[in-house]
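Listed next: structures, encoded as structure tokens.
Here chain A shows up in two complexes: once beside chain B, once beside chain C.
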Partner chain A sequence: MKVAITSTGNTLDSKVDQRFGRCAWFVIYDTETGGIEFLPNPNRDAEEGAGPASVQLVASREVQKIISGEFGVKIKSLLDSLKIQMVMYKEPEKTIQSVIDMLKN
Partner chain B sequence: MKIAVASGKGGTGKTFVATNLFNVLSHRGDNVTLTDCDAEAPNDLLFFRTRIVSVTEVTHQVPVINKDACTWCGRCSQWCNYNAIFYVPNAKVIEVIESLCHGCGACSFACNDEAITEKPVTLGTVTSCRTDKNYPLIEARLRVNEMSPVRIIKAAIKESGDDGVVILDAPPGTSCPFIQTVDKADYVVLVTEPTPFGLSDLRQSVETLKEMRKEPAVIINRSDIGDRGVADYLEKEKIPLLAEIRYDPAIARAYSEGRLVTDEIPELASLFEELADKIIDGYGTGSSKR
Partner chain C sequence: MFLHLEEYEVIRLCDFEHMNHHEASKAMDISRPTLTRIYGKARAKIADALVTGKQIIIEGGKVYFDSDWYRCRNCNSYFNQPDKGSAVISCPLCRSKEIENCDAMNEDMAESHRQCSDICVCPECGYERPHEAAHPCKDQVCPVCNARLMRKNNLLAKDL
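Coming up: the complex of A and B.
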């Protein structure tokens, strides 16, 4: 299964970005292969609709779960229709590595 | 001529100035219209006894996607500048997010497969009224849940016509709604207050108007509070100061009870008369009598 984690930077030491649609980076982690990919978020400074555009981006990578601090109101129904699970993780000090370690166990 | 009464900061007294200016001009028989362009929180009607002449709905066209005709090319989503078409081809999901749609029609144009039709969505209303003295008062009102009042403001200004003096009570801020309002104005009056916050937002408004090649004049409201910052700025930038209105609890009281101070305080009535003359003479058209 692929999981998207919002990240403040493009290293495993980066923290979990607390905003979903306007996060700095997305980390796409594949729980089966252990593959890790960093994607810069092109919607970071979008004037409007950053949330839906970001869902579109990660959904095109076929993720089934998104981990972030906060999700905007527009995206809940979109994630439901795509059967993507939304995981609220309000831990701004936690690193991407620690989240991946949790997903491994 | 169209006079926009604007400000960067909210709560500086735009509506106070616009309604009283309208009041003194109508008292002396000038041909004047008041248009409330603050569609997100219109309140000019509260100050007058009015009857409604007409209510017009303002709509825009949003796309409807026929999934059976869609070939999943993604062009509509790419063309959309507002992220309003949610498109995930691998999951066969395509959805219009109506709250993000600006009704520009780019998606319909982009679609080569006739999969997009359009339907009207109501954004708000333009209400045309007459005061008890038979002067036109027009209100732009955005529907709850809608995001952008721009089209409604445009329709309200159009409804106001070009006859005599049209006073546009502008929305606060310096974004699209403000720009839509001042763009149509021959003369822009900025109402500010002598505080650092007032100055900061005044500066933003002036800079925005400069880009639009418009030269505003300023009214300082509650002029005897705060500091010298605004006055110094106006001097430095050579921006004309039209009037200073002193802080007076009687003004606040009358305003909060929906009354017009120009009906109650003679000094303020003459201040607004002078203000009207300055604006109209300054613009050089003179006021057209009814």
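Coming up: the complex of A and C.
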């Protein structure tokens, strides 16, 4: 299963970005193969509609779970209909590595 | 005559619970103009049914229930369950079984976690305030000059 994590940077030491639509990077982690992919978010400076555009990007990677700090109003209904699980992890100091370690267990 | 669920809900909030449009729009997490538009539609449908003797069926519409949220006591994350059919057993993050349904505490959760580091700015007069998550900037108006607000970094990018 693929999991998307919002990240402030493109290393495993980066922190979990507390925003979804305007996060800096997406980390796509494959729980089966252990593969990790960093995707820059093209919507981070979007004037509006950053959320739905980011959903489209993430959904195209066939992600089934998204870990972020918060999800906006436009996103919740969209992800609900796409059957993608939302996990709100409000720990801005945690690194991507620590989240991946949690998912491995 | 199909009365959509959101139309039923505005009638319930405005005419049964006696909320004003502003309170009702907050309760439904939509803008005040949107609420008034739905309310107008709902009343037109009910009036039509009443006058022409049609049956009212409450069904359909564009609704999303902000419920079915759970909290993990171990890692303090909130998550939902998109697959309504299966039961929630463990946390999707840390696999802990220490989870609780947090519908009851939805209100204070919504209030206490809405702040983030972004800033809304008024493109006209430069008024700034912290962005509230889940409240799109362009739906907010500047208290000084009534222009629509936007994200601060966007404005800078545009100026350059």
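Definition applied: the second predicted complex is superposed on the first by the 105 of 105 C-alpha atoms of A that agree within 3 Å, B and C clash if a C-alpha of one lies under 4 Å from a C-alpha of the other, contacts with A are read in each partner's own complex, and residues count from 1 in each chain.
The rule is short, and it goes like this: a residue touches a chain if its C-beta (ideal position, glycine included) is under 8 Å from a C-beta of that chain, and two chains touch if they have at least 3 such contacts.
All of these numbers come straight from a predicted model, not from anything done at the bench.
**Q** Which of the two partners, first being chain B and second being chain C, lies in contact with A:46: first, second, both, or neither?
**A** After superposing on A, A:46 lies in contact with both chain B and chain C.
**Q** According to the stated criteria, A:74 is in contact with first (chain B), second (chain C), both, or neither; which is it?
**A** Both chain B and chain C are touched by A:74.
**Q** In the overlay, work out which of chain B or chain C sits against more residues of chain A.
**A** C
**Q** Where does A:60 make contact in the superposed view: on chain B (first), on chain C (second), on both, or on neither?
**A** Only chain B; A:60 stays clear of chain C.
**Q** Determine where on chain A the residues touched by chain B overlap those touched by chain C, and list them.
**A** Common to the two interfaces on chain A: residues 46-48, 74, 82.
**Q** Using the touch definition from the top, list the residues of chain A that touch chain C in their complex.
**A** Listed in rising order, the residues of chain A that touch chain C are 18-19, 22, 45-48, 65, 67, 69-74, 76-77, 79-80, 82-91, 99, 102-103, 105.
**Q** Report the residues of chain C in contact with chain A in the complex, numbered from low to high.
**A** Per the touch definition, chain C meets chain A at residues 29, 64, 66, 75-83, 92-95, 113-114, 116-118, 133-138, 150-151, 153-154, 157-158.
**Q** Please give the residue numbers of chain B that touch chain A in the complex, ascending.
**A** Going through chain B, the ones touching chain A are 77, 82-84, 86-91, 93, 95, 97, 99-100, 147.
**Q** Sort out for me which residues of chain A touch chain B in the complex.
**A** Residue positions touching the partner: 43, 46-50, 52-53, 55-56, 59-60, 62, 74, 78, 81-82.
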